[in-house]
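A, B, C and D are the chain letters, set down in written order, and residue numbers restart from 1 in every chain.
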Amino acid sequence: MDTLAPYIRPTTIGIMIFVVFNALIIASAILVLAERKIMGFMQQRYGPYLVGPHGMLQPIADILKLLFKEELRPKGADKWLFTLAPVLSVVTAFVAFATVPFGAETTFFGLLDEPIKLGIADVNVGLLVVFAVTSMGVYGIVLAGWASNSKYALFGGLRASAQMISYELAYATSLAAVIMLAGSLSLRELVDAQAGTWFGVIPRWYVFLQPIGFIIYVIAGVAETNRAPFDFPEAEQELVAGYNTEYSSVRFALFPQAEYINMVTMSAVATDLYLGGWHGPFLPPEYGWIWFLIKVGIILFAYIWMRWTVPRYRYDQLMQFGWKWLFPASVLNLIATAALVLYLDA
Amino acid sequence: MLALIPLFPFLGFVVNLAMGRRLPKGVSGGLASLAMLASFAVSVIVVLQLAGLAPEARAIEQTLYTWIASGDLNIGLTFRVDPLSAVMILVVTGIGSLIHIYSTAYMHDEVDSEFARYFSYLNLFAAFMLVLVLGANFPLMFVGWEGVGLCSYLLIGFWFKKKSANDAGKKAFIVNRVGDYAFILGMLAIFAKFGTLDFQGVASAVAAMPAETGFGILSLATLLLFIGATGKSAQIPLYTWLPDAMEGPTPVSALIHAATMVTAGVYMIGRNAVLFSHAPETMTIVAVIGALTALMAGTIGLVQNDIKRVLAYSTVSQLGYMFLAMGVGAFGAGIFHLYTHAFFKALLFLGSGSVIHALHGEQDVRNMGGLKKELPVTYWTFLIGAIAIAGVFPLSGFFSKDEILFETFVEGHKLLWTIGALTALLTATYMFRLVFLTFHGERRHDAPATAGAHDDHAAHGHAASSHGHGAGSHLHDAPPAMALALIVLAIGSVAAGWIGIPHAIGGHNELGTWLAPAFSATRVVGEAVGAEAGAEAESAADADRAALELTLMGVSLTIAVVGIAFAYFVWVKRRRVADNMVREFPGLHRLLLNKYYVDELYDATIVQPIKAASTEGLWRWFDVRVIDGAVNGAASIVDGSAGVLRRLQSGSVRAYAGSLLVGVVVILGYYLWR
Amino acid sequence: MIPLGHYLIVSAILFAIGTAGVFLRRNLITILLSIEIMLNAVNLTFVAFGRFAGDVNGQIITFFVMTVAAAEAAVGLAIVIALFRHRESLNPDAFTSLKW
Amino acid sequence: MPETFVFYAFSALAIGASTLVIGQRNPMYSVMLLIASFGALSGLYIQLDAPFVAVAQIIIYAGAIMVLFLFVVMLLNAPREDAAEYDRSHPFAHPNIGRFGALLATLLIVQLAWALSKVVEIEAPVASRSDAASVSSVVEMGRVLFTRHTFAFEATSVLILVAMVGAVVLARREGPEQ
């Protein structure tokens, strides 16, 4: 057993990476189904119903269909970038999750002799890493839009770039407020700062300290992931399918995949930042990840809910909203938080 | 206290300059006169204070602030009044106020703005003159010196629409510059020698050393100063500006060119009596120049026809007298004469002014005559002035002039005495020629007026229009303001001499004793030079000296009477004689009439060469070639270099980046080499 | 750890590349990119020196450089757009005339 | 040893990418390659115990500035370089100037090499408090930034404001609406 000691930690981490990877893929598959089902219910219909019981296997059918489609690349498209774009977007989506912790440290019921932290990498600037990687995600869309040499795609790409730059500001500023509260950039420390309760009843979640920040974060997150009501890069009614008009088969499949994974990442980060991560009542810390999953699921449901209830903005309205309301609001929130922190420290 | 004396006129100047054009004549003129009267009052108070002091300690000083302080040169803005300057400030402010009052009537025909301008100038002049008199050191005196020069320019050229007036003003100014230049050099010489410019300091320093033999630094300095004096006080060779200065308004002539400014030179020498008396060479020169000037001016005055010019030349010759006195070391006598002369010359000028005023600008004596009845006040006052200047006992002129002649004789300058006596004769003659031509005989209005008269008439323009009738009908005498001034001055001319009555005839020569300390050095070494003054006082006691003085008095008195009689004979009894004389000696007459052609001489020897030099050399060559060349050259250099440098502005980004890179390489290389 | 010299060499090479880009390229955007390369080379030097001097000043200066780079990019690109509107070109040699 | 390998890998990536950035005509590729080179550089920063700088490098450069470039490239639709037409008129067309430039470049390279040769091979940090933690702590950085460099910080804020206004003014289309 001692000879294996040095290899335990790498292998556990490797296992964790494998698990997280597949979990994300599955999650995206589930989300596809969930979206269509919820949409159906919201529109007084059943949604996918034929494939498997209650259409449970619909995602697998979709994936198979896409896999066997022919790969088309429009004439005059840029060969390299056309291929690079979807890969880039999905890779960034996966990498972004790397520094997101999703559970307290555990020994897996004594399986390991020293406990490990649930979470792939624990960087002391983890939050910024997440932020950085997600901000890289825009390139996938922009390049896709530019490379496929089609005006709809180009418009989609342009919109994506402009929109993401605009909303990253509000996004980062709302994060900064939380960072100030916790006094750390490490997601794990952020989560642990939210352990415990006020007066024994209210959990010490930052959502109660940062309601505005939370709302801003969610809205900006929706915009970052190009979801409705901010799905301008792929606004069907205006630009056939936006940046991925010209895509087909696997290359096409990667874009929604990346989108769903980004949704998951967003929700996970939101959970860690505002909803106290894996901290919750009734469950021992080893099972904190269950709380985590629940919270993430709630937020994801909210995403879908929002998509099917709120109509799409006009593009100029989007910019107006982003620059004239969301960003100033987040700045004010930041200043208020700073004042609060100073007051409490003093 | 002292500062107030020049301050009042200066304030008057400021006020009249600033808002004079908006003030009515009464206000501006009254203001100016008031300023003068105020400063006169202050002067009287000051002098009384001074008199209260012990004779040896008579000096009041006031230092406003340190004006120049550099190295060992330390000049304060210091006013000092001592017996000498006491006399001067009384003369200046007293006679000055009278002339101000006179002017309010005389200049009444000017429009308001001109009127105010006139009075502001007049006040400014008075202020500067007082600074000159009160200044306790050379630079301060020089300020006043220059200031009065400026004012005389302004006032002579007061009717600047008249070319002759402008020219006269410029002439006065430029001729004075020559003298001032010498004055500055003299100042520098003194500073180089003694390291101080304060009068007291210089005096005490000089008194310490023995009188100079031969021509040394002292003689040089004093000579330079004297040249300055000749410029200001119209002596040979720089006297030519004074007669032309008659272009100005008559009161100005009275104030500046008779009473005060021209005496500045005399005052300056008196102020530096100790210094001068240590430079015998210069003293001789001063005496000789004075005598010659007196004689020459007298001869010229004999034939002039412009009433004011005659007076001007008489002024010159009287100044000559004063310099003669200074030259022979009789400083007290010189100042005495200055003082008396101020009265009767001012009186004469003002009288002539009232004549001119009455005749609407007529100045040519050939067109006058028989005014005795029309202008009684003017006549009698003028007559008194004439008698005084002629030197008839017991009027003021007699005492002062006689004292001068006596001193000259005593000092052993027989020749100079002779010249002086001759001049006295001439003086009596031309003065009474003037009187007789102007006031006696029948009126000669039929004779054509001279061009000058017409110009003057034009200048006075409104004068003619205001009193509608031309010359020849009934004339009106001096208006009250003028009459007042005339009468006061007449009294002065009669009585002024009585404070200087020599011991010979039972007087005590108060003025002499009063002035004595001023001509000695500082109290410390007072006796060294004070002896001279004191000597006069006591030596006057012994009899033969008194006898001599009495004889000389008799001589000069007879001279005066003879001159008057001669004038009467020629210009009243036998008019033909004059014409015969003119016909007999046409050359001499023309020579005198043209003032010995001195102006022409100067014009040919100095003015024209300078003109040519500045035209050809300075303008055509230096200015055009050198200066303009330099300017245009600089411009063309810039142009050319810009033409080259322009190529660097290629507008190409890479070109700019390239130049940047060159800089990087160079700097990096430099730091690597170190 | 890696010696200081290595980092300096890398940054020197990067700087040289950037310089060469400024000179050789005829596309305003590429030139701006080259300038960015140079700035980053300098940043690397700062951070390396800072690390080896054992304080954080190097990193802080790097932030300032980044700020300047951002401002420069914004203004530079705005200028590029404005120029492109005048001449349908990005060639710096097209704009040699100082006014038109 | 691994870190040496990582260093050489990142350096090679940065240098190669940068070379390619200026090496080819398509600005789109240039931008993408530059992003790659920035990524490599941030790797080097991490090796220098400056993780914060590394992340900031990604966020600011890759996340913002480069998107801006990309945006402009797409907006102007990235015309290929029109090499030939201006070259005749260009002052640098003259061969001598070209030679001069080459000389200058060689000089610069020589100087850089020389300067580097002067750098003593510092193996370890010279300062006393040289542990990675103290250097990489964000708290310390913030403290110094807001105490010693306050003025510079404020100045940069002003600079950014000016740049923003300038960019707006410059890029505004002066059309008939004005």
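The criterion applied here is as follows: contacts are C-beta pairs under 8 Å (C-beta built on N, C-alpha and C of every residue); 3 or more make two chains touch, one makes a residue touch a chain.
This one's a predicted model, so the numbers in the text were calculated from it and none came from an experiment.
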By C-beta contact count, A-D versus C-D, the higher one is C-D
Centre-most chain by CA centroid is C
Separation of the C-alpha centres, chain C versus chain D, in whole Å, is 5
Taking each chain's mean CA coordinate, chain A and chain C are separated, in whole Å, by 33
Per the C-alpha centroid definition, the whole-Å distance linking chain A and chain D comes out as 30
Cα centre of chain B to Cα centre of chain C, whole Å, reads 83
Expected list for chain C, residues touching two or more other chains, is 19, 23, 93, 96
Each of the following residues of chain D touches two or more other chains, namely 52, 56, 64, 68, 73, 75, 90, 101, 108, 115
Here the pairs of chains that touch are A-D, B-C, B-D, C-D
Residue set of chain C touching chain B in the complex reads 19, 22-23, 31, 92-93, 95-98
Counting only contacts in the complex, chain B reaches chain D at residues 650, 652, 654-655, 658, 661-662, 664-665, 668-669, 672
Interface with chain D, chain A side, in the complex: residues 78, 80-81, 84, 123-125, 128-129, 131-133, 135-136, 138-139, 142-143, 145-146, 154, 157-158, 161-162, 164-165, 168, 172, 185
Contacts from chain D onto chain A in the complex sit at residues 28-29, 32, 35, 51-52, 55-56, 58-59, 62-64, 67-68, 70-71, 73-75, 136, 138
The answer for chain D against chain C in the complex is residues 3-4, 7, 11, 14-15, 18-19, 21-22, 25, 27, 30-31, 34, 37-38, 41, 44-45, 47-50, 52-53, 56-57, 60-61, 64-65, 68-69, 72-73, 75-76, 78-79, 81-83, 86-87, 89-90, 101, 105, 108-109, 112-113, 115-116, 119, 121-130, 134-135, 137, 140-141, 144-145, 148-149, 152, 156, 159-160, 162-164, 166-171, 173
